[in-house]
Structure formats: structure tokens, C-alpha cells
Amino acid sequence: MASHLGDPRVVEFDVRTDEMLINMGPQHPSTHGVLRLALRTDGEIVSEATPHIGYLHRCAEKIGENLSHRQYIPYTDRMDYLAAMNMNLGWALVVEKLLKHEVPERGRHLRVLMAELNRIASHLVAMGTYGLDLGSFTPFLYAFRERERILDLFEEVCGARLTYSYITPGGATGDLTEGWLEKCEAFLDQLAPVIEEYHTLLTSNAVFIRRTAGIGVLSAEMAIDYGTSGPVLRGSGVDYDLRRDGDPWYTGLYRDYKYEVIVQKDGHYPKDRDYPPVPAEAVLGDSWHRFYVRMLEVVQSVELVRQAMERYRAAKGDCGAPLKLTQRLPKGEAYLETEAPRGQMGFFLVADGNAIPWRVRVRSSSFCNLSITHEVCRGCLIADVPAVIGSLDIVMGEIDR
Amino acid sequence: MAELINLQILNRLLGWAGVDLPPSHLAGAVLAALVHGVILLGIVAVAAMFFIWAERKVAGRIQDRLGPTRVGGRFGWLQALADGIKLLSKEDVRPREADALLFRCAPYVSFAASFTAYLALPFSDGWVAQHINSAVFFILAVLGLEVFGVILAGYASGSKWSLFGAMRESAQVVSYEVPLGLCVVVPVFICGTMNLVTIGNMQTGWLTNWLVFHDPFTFAVFWVYFTCAIASVNRAPFDLAEAESELVAGFHTEYSGMRWCYFFMAEYGSMLLVSGLATILFFGGWHGPVPVFDMLGWSSMGGVLQYVAELAGAANFLIKAVVGVTVMIWVRWTLPRLRIDQVMTTCLKYCTPLAAVCFLGALGWQTGMFGLAAGPLWSPNQLMAVKQRGEYRESWVLKAEAAAAAEGSAAQAGRPAASGDRDEPDVSGETEPARSSATGAVGSPLSRKGGVG
Amino acid sequence: MMTLAGMDWHAIYFWLFALLTCGFALAVLFSANVVRMAFYLVLCLGASAGLFFLTGAEFVAAMQLMIYVGGTLVLLVFGVMLTAHSRFVSLRTPSGEWILALIAGSALLALLLSAALKVPDWVKANPDRAAISAADVEATTPIGMGFAGVRVDKLSQTDPQLLGGMSGYLLPFLIVSIHLLVVLIGAAYMARAKRRAAAVDEGAV
Amino acid sequence: MDHQKLFDQLRERFGDDVRALVVETIDPWIEVSAERLEDVCRLLKNDAAWQFNLLNCITAVDYFEPDAKKAAKVDWKPHVQMLYHLSSTTLKHTVVIKVRLPRWKDDVAGQLPEVASVSGIWRTADWHEREVYDLMGVMFVGHPDLRRILCPEDWEGYPLRKDYVMPLEYHGIRNR
């Protein structure tokens, strides 16, 4: 907004409203974690929203230079603490890429199984907290009721409910306990009808549509230009999913799996036959679409987990023993991005011949997803800011590292 | 002033105690006022406590969990009392830059406004604290005062966020009074009176006599009324004032302890009030679906049997009111919150025009297409009507007729002696047509053509 | 003339509300903080609505509550709240103006008192005070019929000559309400923020 | 992804500013001089043949061995290496661009090395460059709003440098 104060030709506003500077956060109930948003508002209209981050900065990259690759796994858990399995997977794959160490067939399917289950849990949290941001409390409890079942499954395998440290370079800390697959089967069968509830409760709810459709519209070019990824990118109609288009070392994990990338092509989504249609007010790239992509990805992940279970049962051998603590890393560097629930999670590893890496760099998806805030929130109402930030589904642990 | 304070209850009490205290005496009046005040406060406080517990239980059920179960007995029904004690023991904190006087007064203004409206709300035939002739208008007027408590609270707590809450709240409540008023007028002009007791009595008889089934427009007006009621009582999805996600807790961010409890009681009080009004205006107030006590003839028997009939009527009224409040709770825990401009557009672009259209429709229906048809068009109310709507009389008219009849028989023709019956308004003067016009006019003024003789 | 024994509750409530109204009116004068002034005004008008209830005119009292306190004063407090930058903006009235105000006030008071004392009904003690505020009074119906064009006041008028002079109230009432509506819409139109001279700047605001 | 073809096209376009192409490593990269970085990036993004529209990540690696014994065995001179990981969402291929910078400008300790900012080409570079500036201490010429992003505004020192010493206290908060 070019300032017109000095320009005499401009007719000054009759009703002079002075701008108000408001701090939303860092301990605001609706910004997910410790994010501080400085809003300059004119009445209810937000003229400028600048996010301030760094409140949860632990400098995980510096720590990476003092720990062996095996010891760094617990740190990756605490970056995106809602999808710790995917973080472990990313770090394990980049170390194996540097070592050119292939994990046995059974271990590969186990990793897909765990990663997709954690994606379901993470998207459930995203759906629940988004309902909270918009004021309806009930979806949050439904989401956590389902998520508890997934956490029970994880707890049975690796003993932890949030920071699993289960997938490690070389394989996994332990194989599945017997009877686990049947429990997982029972959970998946029970999840399908429950997804209907979430759709009636939120996606096709008139009030929800009025609060999200057309809010925080992000065009495809801007989405790519700001480096956004995951549901935020696909919500803007960009057909880019690392499980299919990513680094060959990562796409090799999903090579024999059948799935479609959830993105809107010529007006409708691949899986939306039996789910509510796109409402009229929804513009491609708005908060509603980002939410809808996440809901359909849960269904996609359910199918992937079923395929992974079949292949896991068919595969022989063990699931890959973790590498030794003092396993030396060859001189060289490797970069690998994986499709985490929130987007592209990149790990860059520079090694100089001994077990402790020379440099560790972590590319966070929410970091880029959050950078579009000032672009998207300009001109919307104060009540829309949590709606937009909620649709980006950011986790501060991953942004601040 | 004998009739002004409805003394049925007091006479019964004093009768048992054997004391004869004429209400015009100072002590009599104060005692009567106290009795009414305590009964009403009791009803509102107990209702608020019950709704606190009901909200937790219903919310629990909706969210697939149990709600409170441990406090006091199996169903945790003492939870509300525990909350009350907790709030009492909490310290009443006041922020430093808060405006001391206004900060303290705001909760009491809000609670007083919400409580005074119960003065005119009848719980059963004749069971009303103050038999006000324009009761509906009185309730709407007092309901509008509650917004003051919120504005002062938002302003006096000094923080930017509560100021936002106060501004949104006042804009919303003031603008929702318009459609609310429009919707309330429909049952009023169908019954031809604003006296809630008479409106309730006009719906005696079977289920079909309830005004909500009077005609399709009144049915639609009920739903518009219910939406506006939810908005004017500030419940989700219109609870902008305390939109937790954006404004932390809106206007009562800085309040804690007993002061916060007053706001809470005010909210639940006006929730019960608004759904009680809906019950009387649309759902036949204290009349059950099947007129059991009319068939038995108890309701006009007098004495204990009439008391039992009225008690059943009060139970009917409370059940319907509680159903209305439960629906409000149910709506709160399912729908997300609307934005302030969407709340305003629903009011100005949806509720007000819809209420206006239904108003015109019902008016046309009631006046037989503005005079084209003979009288009011057919409506389910005529199916099993106990008495035609025109034959109901307000209590003061009955008294006037009784007095006139007594004089008619005693005195000869001509101008009746201006005896002690000074209450007689000059309306019911000596000429017969005048009185019938007064009473006729009461029935449905608009429908009588040719005006008064 | 007010013996404690013979005094019934009507007089007590009347004095209570009268004192409240005058007290808060004076409080509006003497308080410095503009927001408190608005709050006292609310209480003052509320108390005067109480006076109307006492005389049994519920409809007028409810009208007072709804229009004055519920409508006008909400806007007044709204305006005051938004414009009072430092919350305790204090309006000190210089002493010179106090004297001027005192003179004007007492002059008006004298005029009103003399007019009031000339009305015969109000001067002699009214023996049967209790009868004035009739219970379950029928104040609303005559007003309702008046609105409907029924000439309530003409009913008991026997003198033909006077009969012709009485006109109805419906027409003036409607004219005033339409006029008020037009004034409100005009005010809203004037106060809205005008769009900038679009031709001047390139970026649309 | 034909790295050799890209390298030849760049070499023919920018001469010896495009220093080297290394293919046999796990992730092949192209080394470019700091001065021509911005032009190379603009070409990579806008050229129809490559369309690198997504800048994945900007990384800075500090090659400096603090203790003398190990420094002797190392085969590189102390320097800071900038890595730009680029990928194309349309043609589905990736490339790594490297730039070698001195640890300090003109080897004067405290003077941050400078490189052109690419935030004009990819908007995501805005935050990435701020983070590199904040943690590694590289000055990006032409960056719209170069401030610290993760550490507090008034933090001294650049944590990710190998020779970084943790301050003993910060605003009265003791670290040891």
C-alpha cells in the first residue's frame, strides 16, 4: 500500500482510523506452538502480518556435528514431533544413501507401513486442531480418539507414543510383535466409516465452508516460488509428490505400490467419488482445499498401509539390523528429501570419513509453508488469520529446529 | 394496587400462617416483593446450575466421552456446585489499568438485566411474578440491556483484546434485536395481545393448537426466531465476543472468580429466558400435547386440583424450555464459529428479510389475504380448538365485564354511577358498542372492518 | 404530611426512584471521566423508566428502556468508548462555566416548578394514591387501538362541538418515524469512509 | 538429468566462471563463481530446457579445522561452501550448484563473505538466506530484509561456524 500522506491530490479519508499493532502469540492459544505474529490492523482488516520465529530454536544442526549418525535419531524425532517416524525415515535414508546400504525387502515394507501410519496420525491432529481454530471443539476429540489407537500400535512396537526413534540407519530397532498386524487391520477397518463423520462434521459443514472457502488463496506459481510443499502445494493444484517424483533412492521405497497423488485435476480429486464434492465458493489454493487434500491423503495412506501389510507378510528375512554406533561414513555428501505429512523434509549430510558427520543441514517444510503468511494474510480479517495458519498445519519444532 | 402484585402465592402462604396483612401495607408489599424475588432468583440460579451440568454432560455425549461422573453420585450431578464453590474461592483479580468502578459494576449490570426479564415470564396459567400487560415488549426491552454489561466489561478491563470482544458483541446484539423483534410480533398479532399469560391460554387444547402450527409462515418464523435468539444470547456459532481462538477470551479475559461466575449465570439465565419465550409464543407454553387436565376439568375446579393442574403446566413449560436449551448446547458443540462480518450478513441479509417475509405472510394469513377472504384462512389451530381465538379475554377485561354485568343488573339503564370502580378505564364507557368494540378490538383489531361505532 | 405509619410502599418506591434519577443526573454533571458519565446516564434513564413503571404505564416504561437505554445509550457508550483515547480522558469544566450553568439551571427549575404547581390535581393530596397504578392495567390496549386508528379519546366525548376537533395520532406518528429513519440513513451515508480519488494513485487501495 | 549437457551450456555461456562439474559423487554438482551466481540461477529458472522453478534448500558448510594437528591432514584450505539444491516440478529433475567463498572477506576476521542474493529469483530464498546469515554469517547482497531469523536480534557470533565459542552469559542468563 503506497503511502499517500504527502500527496495533496489524494482526498484524505474522512474517518481517520489509526492502525493498531497487535501481537498474536507467542503464547496465543491458536498459533500452533510458540509462533509470534505481529499484526498491523486497521479495525478488523489485517494490513500486515509478520511472523517471528525462533522461540523453539535448539540448533539441532550444530548438535549433529558432535553426535554419531546413530545417536542423532532422537533429535530427528523432536523436529516434527507429530510425525517422528517420517523424520527418522528421512535421516536413515540419507545415511544409507551415503553408505549405499540397501535395507532388506521386509525392512522396506515395514518402513512404508510405519511412515504412512504416522501420516494418518499427523493428518488427524491437523484436522482436529483446525476445527479448534475455527471454534468447533468436537472434531478435536474425535481425531484424538482415532490417533490414540495408532499410538497404541506404535507403543507396542517401539515403546514410545510420540518420539519413537524406531527407524534407524540400517533398518529398525525391532521387528513387529506377532498379532500386531491383526490389530492394525482391525484399526484400518474401523477407521473408514469414521472418516465419514469428519466430512459431515467439517468438510461439508456450511459454517466451515464459509470460514475457509476463498480464504488465504495461494496461487500455484506463488506456492512453488515460496518453496511450499505437501498438502499446501497440492492444495494449490501443483501435481508434485516426492513419493513419485522425488529422489530415486526415496521413490525406490514405493516402487511397487499403487496409489494416486491427491491433487485437483480438471475440477475433481482422484478419490472424491464417495466424499463431499468441492463447494462452489472454494477457489483452488484456499484453506478449504488444503484441508480437503489432507483428508483425502488419510484415505490414500490407509490403502498404502494395507498394501504394505500384505507385502510385509509376503517378504522373508529380517527387517534390517541397525548400523553400529561407530560405523564410519565415507568421505562425501548426500542430500535427500522425503514426503513428510507437512511437505518435503530434506536432510543434507557432509561426512569426512569418521562416524561423526562434518555438517548436518535440515530443510524444514513448515519453514517454507509459514513464509507465505505475510503474502496470504494481507487484507483478511483478524478472525481469518488463525484459519489460514491452521490450514498451513505448521509445527514449530520443525521450523525452529 | 392489590392486583399489581400477583398475590395468589402470598395469600396462600399468609392464609396458612393465619396473619392478615393487606398488600397495600408497607410490610405486606415488601414481603410480597421478597417472596417473588426469592422464587425467581431460585429458579434462575438452579436453572443455571442445572445447565452447567447439562452442558458438560451433553458435550461429553456428543464428543464420545462421559462428562463428569465422579463429583457427587454416579452422574456427577454435583459438578455444578463444585464449580460454584471453586469460583467462590477463586481470588477476584482486577488488572491495574482497569477502571475500578466499571470493572466491578459490569457483571452485576449483565446479570441484573438477564434476571429482571423473568419478572414477566409466566411459568403456568397465572404463575407469573408480575402480570404485565405488554409482557413480550418488556422482555425484549430488558434483554437489550444485557449488552451493557458486556460493553462495560470489555472496555473497563483495559486490554486491547477485550475491547475487540466488546465492540463485536455490542454490534452483534444490537443488530440482532431487529429480526428478533420482527419474529416476536407474529405470534403477538395472531393472538392480538402482548400479554404472555393470554397468549399461553389461547393455545389450550390439543397439540394442533400450538401457534407454531398456525400457518407455514409462523413455522418458518419460529426457526428464524431461534437463530436470532442464539445470536442475541451470544452462543455458538455466533459467540464472537469470547472467540477463544482469536481474542483469547473476549470481554471476560480479565475476570475471574465470582465476577466471572455472574457473566456465566447471565448467559445461562438469558438462554433459559429466550427458550422459555419461544415455548410460550410458539409451543403452547404450559399446555401439554394432550389437554389431560382440561378433559378432567381440573384446571377450572379451583383449590388443590387446579393447583396440581397448574403444577403440571409448569412442568410442561420447563420441559419444553430445557429442550430448547439442550438444542442450543447441541448446536454449540457441533458447529464452528462464524466470522464477525458473516454474523452481520446473516442478520441483515438472511434473518431480517426472512422475518419480514414471514411477517407479511402470517399477516396475510391472519387477515384472510388482507380482506379478500372472509376471515383468517384455515389453520390447523381450528381443528380441535377449545374456544375460537376471538373469545379469549384478558383478565382485566373479564373483571371489567363482571363489574359491568353486576352494575347492569343492579342499576337501571343510562350512565352507571361512577362508583368506586375507579379502575374502570374510560374505554368501557356507558355505551354497549364501546365495550364490545374494546373487547372486539382486542380480539383481532385489524380484521374487523368498519372500525368502531 | 408523610406519616411513617400511614405511608404505603408506593411513596417509598417513588422517593427511591426519584432520588436515584436525580442523583445519577448530578453524578453525570460532576464526574470527570467521560466513560463514567455515560454509565451514570444509563443508570439515570433506567431509574426514570422505574418511575414510569410505578405509575403503571408499563408500555411507556418498556419503550423508555428499549429506545433510550437499549438503543441511544448503546451508541453513545460505543462512541465514547472508541474515541476516549487515554481511557481516563477527563473533562474539567472551568469554574466560569459552572456559574453560567447554575443560573440557566435554576431558571429552568423555577419555570417548571411554577407550571407544575398551577395544575390543581397535582397540588391537593390525592387520598387514594393506591388506585392510580391499577393492577394488570389496560394501558396497552388504548395505545394499540390508537395506533390502529380507533379514536380512543373520542369515545367518551359527548359534546359534539369538541368531537369534531379531535384528530387521530396515527399520521403524525408515522411521519415522525419515517423522518427519523431518513435522518439515520443520511448520517450513516455521511460518515462512511470515502474511497480515495482513484484517478490519482496507481495501486488500488 | 544430463549434467554434462547443462555444464557445457553454462560453460559456453559464462566461460570459466563455471568452474567445475563433478559427476562421480552421489549427488553430482556444478561449481560456479560467486560473481556469476545470480545470472546462472536466473538462466536455470527461466530456460525452457531446465525450468528449475523450486529452490529446495540453501546450505552453507564451514570448512575449517580448529585444532592444528588435524588441520595438517586435511586436503582443503579453510573456506565456506554455499550449496543451492534446485529441482523442477515440471521436468522432475534436480541439480546442485556450489559456490566457494572465503571464510572472511579479504581474510579480515569479522568481515562477512559476500554473495549475491537470489531472493529476487525464488521468493523462498528470502527466509533461507536469512537463516544462513543468522547461523553461518554470510552477507547476501541485495536481500530485501537481512535480519537474524532464528537467534535473538542482538545475538553476537555465528553459531554454525567451526570456531564459534558459546558466550558465557546472555542478558544475565548464565550458560555454564
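Some observations on this one:
A, B, C and D label the chains in the order they appear, each numbered from 1.
The rule is simple: a contact is a pair of C-beta atoms (placed from the backbone, for glycine too) under 8 Å apart; a residue touches a chain by one contact, two chains touch by 3 or more.
Keep in mind that what you see is a predicted model, and the values were worked out from it rather than measured.
Among the other chains, C has the CA centre that is most remote from the centre of chain A. When the C-beta contacts at A-D and at B-C are tallied, the pair with the greater total is B-C.
For the pair chain A and chain C, the distance between C-alpha centroids works out to 62 Å. Annotation: 26 Å between the Cα-based centres of chain A and chain D. Put simply, the C-alpha centre of chain B and that of chain C have 25 angstrom between them. Each chain gets one centre point, the mean of its Cα atoms, and the points for chain B and chain D are 72 Å apart. Residues 20, 22, 24, 28-30, 44, 131-138, 141-142, 145, 201-202, 205, 207-208, 210-211, 381-386 of chain A are the ones that touch chain B when the two sit in their complex. The touching residues of chain A, when paired with chain D in their complex, are 53-54, 57, 59, 61-62, 97-98, 100, 222, 224-227, 238, 240, 245, 247, 332-335, 337, 344, 346, 348, 350, 358-359, 361, 363, 367-368, 371, 400-401.
Note for the complex: chain B touches chain C at residues 1-5, 24-26, 29-30, 97, 99, 101-102, 105, 131-134, 137-138, 140-142, 144-145, 147-148, 151-152, 155-156, 158, 163, 166-167, 170, 174, 177, 194, 394-397, 400, 422-423, 425-427, 429, 431, 434, 437-438, 441-442, 445-446, 451-452. Taken in their complex, chain B has these residues touching chain A: 59, 62-65, 160, 164, 236-237, 239, 243-246, 248, 333-342. Partner chain A is touched in their complex by these residues of chain D: 25-27, 53-57, 59, 61-62, 83, 85, 89, 92, 94, 96, 122-124, 126-128, 135, 148-152, 159-160.
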